[in-house]
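What follows is chain A paired twice: with chain B in the first complex and chain C in the second.
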Partner chain A sequence: MKVMKTLAATTALTVSAGAVSAQDMSNELVLVSWGGAYQDSQQKAYVEPYLAMNPGLTVTWDSSSAEAVAKLRAMEEAGNVTWDLVDAVASDSMRLCDEGLAEELNHDEMLAAAPDGTSASDDFGDLLVSDCFVPQIVYSTTFGYRNDMVGDTAPTSVCDIFDTTKYPGKRSLQKRPIDNVEWALYCDGVAKDELYDVLGSDGGMERALAKLDTIKDDVVWWTAGAETPQLLADGEVVFGSTFNGRLFSAIAEQNQPIGMLWDMQSFDLDGWILPAGLPADRRARALDFLKFATDTQRLADQAAYISYGPARASSAPLVGKHAELGIDMAPHMPTDPANAGNIHVYDYEWWADNRDDLNAKFEAWLAK
Partner chain B sequence: MAITPVENQTPTFTAAVVGAAGALAGLFVGTAQGSGLLGVVIGGVLLAIVGYVAPSLTERQKPVRWAILVGFIVAGLIIGGVPAAVVGVLFGLFFGWFAFWIASSRYRAHLAPYLTPKQVLWHYTFRVICGSIFFFLIAPIVVVMPLSFNAQDFFTFTPEMLRLDPEGYSFKHYRDFFSNSEWQASLWNSVRIAPVATLLSVGFGTLAAIGLSQPHVPARRAIMAILISPMIVPLIISAAGMYFFYSRLGLQGSYWGVVLAHAALGIPFVIITVTATLVGFDRSLTRAAANMGADPVTTFFRVQMPLILPGVISGALFAFITSFDEVVVVLFVGSAGQKTLPWQMFLGLREQISPTILAVATILVVISIALLTTVELLRRRSERLRGMSPG
Partner chain C sequence: MSDTTDTGPVLAADGTPLKRSLARALRRQKMRALMLIAPLLIFILVSFILPVGDMLYRSVKNDIVADTLPRTVVAIQDWDANSGELPDEPVFAAMAADLKDAASAKTHTKVGTRLNYENPGIASAFRKAGRKAKKFDIENDGPWKEQLLDLNKAWGDVEVWRTIQTYSPRVTQGYFLNAVDMKVGPDGAEARPESEQIYMNLLKRTLWMSMLITFSCIVLAYPVAWILANLPMRVSNLLMILVLLPFWTSLLVRTSAWKILLQQQGVINDLLVWIGVVADENRLVIINNQFGTIIAMTHILLPFMILPMYSVMQTIPPTYLRAAKSLGATDWTAFWRVYFPQTVPGIGAGSILVFILAIGYYITPALVGGTKGTFISNQIAYHISTSLNWGLAAALGAILLAVVLVLYWAYDKIVGIDNVKLG
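Then we have the complex of A and B:
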């Protein structure tokens, strides 16, 4: 019975999708993403199948997500938005939404329901952090360490980062306060659920920076996600934080002697936003692609190329093996129970309110 | 050949000079092995001994040089296996030659006999400085080349590579460049944009230079300054300005937008090089041509153009390289459809740090060398032809 229902739903979906297509949709689609292995996973998991379904379409990638907010502002000001769909982290999508640069979406209407009929908004659940945002993946910022440089005892706690006597050598951290100050306070003895209360109180940021001061001379600051894997591969650093998918790629695909330290990994979301004010034909194409690219199967397929967790609850059971290596991907997902024992959930709203202020303090501290 | 008679140096002098060179070499080897100071001491002492005995052995150089070479190879093998032994060969060859070069005063042979020791010292110091400058300019380009054959996806000399193991090397980054659609699209974009931008730059730049070289043009200096300004104004400012201007015109994100922007950047180079050649251009030639019935267009193509051609060509080369290497302006003025090679390399560096960039860099270096060699050969050929023609 259920199978019949699913079948009927899929057929209806295909028919309705077929009805919209043809003339009213643009034949060009400009997608903005992050480049690298992540963009490749998007290309393979949903762009190539979508191109196979729409032969006349050309898809162009612009790997400008790092500057998405600034560039969209400039495009809006110049009155010439050339992007159709932009891949952005959750906090950027919130800023773009607040500024009116991203279109507010009706998730249930515009996105595919789960195969069992659960509505899109229920399927994504709490991950729909903004009205403009369609999450694709859950990723985490976490640490990798050189197996051969940590001695006999591999690090098990994020606080080992701050222990330069036990683990001497350089460590690489992202050049921004987010995550770093939370880790610093946590290792300074602050309970996990009080992190933002302490950070927001008088002297909270100073306390975090004082903790970071203890390792400041040993830190290599990075700005691009590829830097830490390179530093680890070179043996320049003992530990380094980066996105978990980058570490997976260095470990599983490049056979580097690197281990994962999942403790206090910091979860974040990444997903699509639709720039506001697109011409009707381009908007129709973008929405058609969006519906396809964020359905249950496509998000599960993406996990075959990169170790980021699919944002839909219904995709999780479908996660299979790595497309080339044939290893099970589930144990490499940040959301896997074995890895998610002690996680840090990053508070978007708190950071949205305090980011500028803390960034300034952090920069001043860095320059000291 | 010798213009100064030479005689063997005293053992102390040779010991001091060769020992100092050994200390310098020891500094590098020692630092690589963990202790620079120890390296300096060991290198200095060992080679001072070699230097001390060398003057008495100048009659039997060959076996001694072989002994030095073998000594260095063995030391290299002990320190770091085969790759270090290769370095040892280089060191051994150098020091074997150097010790006797000093000991037998051969360094003095082709210098004028009246030079003081200080002048001799400066003569060689100067050459060493020049060589070092050359090394520092070339080394960063050369080091990229072996790395581009890395079998791994990192900018790292892996142990396999250092062992000269074929396993450590691969063409996969070259394959990636030629098979990856992103790289091929960006290469194609660069090839489509740069020549057209160069043509526009050369056309407008040459005309502007000729016009501005006429004495009767009012406000020549001011016009010249404005035309040259893209070279002086920080690129990012030009880029931001062009972005908003071209957006209003609907040129932003279009092929012609990027071509025009690059042409504007290339024009100053053409103006400067053509103006320089026009300084030596004899204006009475155009009057003579007119006198013989040539109209201005014929005069330009038959008389003026051939004479200023070297300036035009070098301006065109600069304009081409400007467009081909440019990344800031195209980031603003272009959209994803005009992603050029430097843009793709910039993205690759920021997001992936993939050695494909190094493969591309190697290919570009090879192309540049080929291009410059061709131009130089053509120039020599035309010089030769001109030399043969009467007048």
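Then we have the complex of A and C:
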């Protein structure tokens, strides 16, 4: 669903802006994001302070990130790109970069350095997975379980998902091969650093599917992030994978009897891309906002509204308490040392190459 | 004038031949009619036929390879892929030159993505080569065979070159072959391995389930339409609101409501456990399978069946049934021989509506269909919005469209399209 939310400001328009440098920049900014709690956190952490600094600017949200790649390609073909900055997951940003739909960025030149002077590219480090991508947050796909349905021993390993004798009942998994086949191979005894060698070899995918076969009858497959928290709340499943922020709000905000299983949580990134070929004034505005919205303080501020880890190393020490609940946010971050003992980072490039092929095998397996 | 006897053409009042004058009048009439429908005609042409045609054309379009790698496409023509040998140096040199141009135009990754649909792994070969290609010095840096092999071992794979050769023409049948679970092999089209066959099964399932949904709609809608048609107008209008109310409710809301009703800890199961029909450990699985899709879609599409049936039944005079009975027919004979045949046009119209809507559905099957209750439209949506393989999506769409047209033709032969009435 496309929710357009125009913010700000007929009143702000009456205030005459004084900044001279702002004159070459467009007075409108169209941001694309995911809607819901995540977009709200961006609104509060980046957009509201930016609007306060730039009276006269109008920011419009378009909650189309889920279809961003397809829509951006259609816009480019039609020769009318109406978006200025698009929030996308890392794999989508790589595809947009490959398709020439996103502009390649010079991170050190365009982004703010850390307060201690560390350059932006060093501050983001390995998280700069694509030349077109500015990461904002680290999130993870991980498991939540019903405290009251797992008996006396709470699950501690991702492989408990595959143990239907110890934990009978349904589990919900995302309806795609990514993450699921890695977990399956890991629990089938493959070492973490060999996952992709095995998966890419002959019979690798078949081995992963054979492992998933052992629980196939007990799986509810989800496609939207909100499904697992709902299934857990209804007692429909014992375990379920979803984005960690969704589980956080079910636990902390809605007081559901759900526990977190952080083992082998699958890290992923979400961030901004700049559509290629924007007119100069819109591009200047988008870059100005991008520099502000991805500085150390802003990324740390966002963590007060949602339990996703800031992508800059320098932001981590600044993460404080939840803005409304007043609880410490650090222990709920996927990047917290207590949670990140055993993590999984999926190989973007490998999946970009093999996704369609493996997806066909996965779909054929599902239909069997 | 009336007494003239010449055999010349009959003239109109103004002296022109009547035939021409008539034709002119008719032409003017036709023009006027055409002008009246012109806005709609242009609208449909611009907003429907052209875009659909353009989308369908993508199912065979393959310009990108020849446009991005013009030299390679020419150089590789004479290479024999079945020889098992890599192409010669000129092909590699052509590829290097093409890569250099493509990398500066930033199109190398696009062609990589295109070829990756046919041979997984090519995308990264192009992506990696593109990073270096801008600095290639085509004149002096040869031999390119070694250079490219150094860059990525993918360039030493005969299959990669075979894929490039196979997909160099500007028109391809690759997407259509993929859409029917086949691929271009060394000796022409061949079936994909069984573990990768999905689309034909999905198509069969889509058609079969759509027929089941249509049938259950007929069974449920018939008595409802009959009651509506035979009650006094005041009462039937009131009941009609009950039919239309869900029809006006958002599709997502209705589908989600079915989730709450059907899930294992849901309302229906709770009720069955409470009255003791089902044991608590053996709650029924009635969602996330074909059953869930059929129930939810039957409910959602029911108004499309009830409305045409109702409007047809309303036109059948009740005196026919009374006459049949007074002539000695039993209740059943009167219904089956007199009433039912008159309602067939309504059933026909409703069935076409429901069936055609059903085979294009994707939101409801995605939400309540689990793994075995999804339709081919779910795969089309996946290829449009997630995998970006629009060519394959277009081929699947074209096949679906062709199937609908064939079924429509068969329907016309069996039921007769003149036999369909919406009221």
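Here, the second predicted complex is superposed on the first by the 347 of 368 C-alpha atoms of A that agree within 3 Å, B and C clash if a C-alpha of one lies under 4 Å from a C-alpha of the other, contacts with A are read in each partner's own complex, and residues count from 1 in each chain.
By our rule, a residue touches a chain if its C-beta (ideal position, glycine included) is under 8 Å from a C-beta of that chain, and two chains touch if they have at least 3 such contacts.
Keep in mind that this is a model prediction, so the values were computed, not measured.
Asks: Superpose on chain A as described above, then tell me if chain B and chain C fit or clash.
Replies: clash
Asks: Going by the contact rule set out at the top, does A:Gly225 touch chain B (first), chain C (second), both, or neither?
Replies: The first partner, chain B, only.
Asks: Quick one: is A:Thr82 in contact with chain B, with chain C, with both, or with neither? Answer first, second, both or neither.
Replies: first
Asks: In the overlaid three-chain picture, which partner chain does A:Trp34 touch, first (chain B) or second (chain C), both, or neither?
Replies: A:Trp34 contacts chain B only, not chain C.
Asks: Considering only touches as defined above, state whether A:Gln254 meets chain B (first), chain C (second), both or neither.
Replies: After superposition on chain A, A:Gln254 lies in contact with chain B alone.
Asks: Looking at A:Asp234, would you say it contacts chain B, chain C, both, or neither? Reply first, second, both or neither.
Replies: In the superposition, A:Asp234 touches chain B and chain C alike.
Asks: Can A:Ser63 be said to touch chain B (first), chain C (second), both, or neither?
Replies: first
Asks: Now that the structures are stacked on chain A, which of 58-66, 148-156, 202-210 or 274-282 shows chain C clashing with chain B?
Replies: 274-282
Asks: For chain A, what residues appear in both contact lists, the one with chain B and the one with chain C?
Replies: Residues common to the chain A contacts of chain C and of chain B are 66, 234, listed in rising order.
Asks: Note which residues of chain C are touching chain A in the complex, please.
Replies: 106-107, 109-110, 112-113, 116-117, 120-124, 127, 194-198, 201-202, 205, 263-266, 288, 366-367, 370-372, 379, 382, 384-389
Asks: Spell out the part of chain A that touches chain C in their complex, as residue ranges.
Replies: 66-67, 69-70, 73, 95, 97-100, 170, 175, 206, 220-221, 223, 234-236, 349, 352-357, 359-361, 363-367
Asks: Contact residues on chain A for chain B in the complex?
Replies: 30, 32, 34-37, 60-64, 66, 74-75, 77-80, 82, 224-227, 229-230, 233-234, 253-254, 256
Asks: If we count contacts the way the header does, which residues on chain B are in touch with chain A in the complex?
Replies: 152-156, 182, 243-244, 247-248, 250, 252-253, 335-337, 339, 347-353
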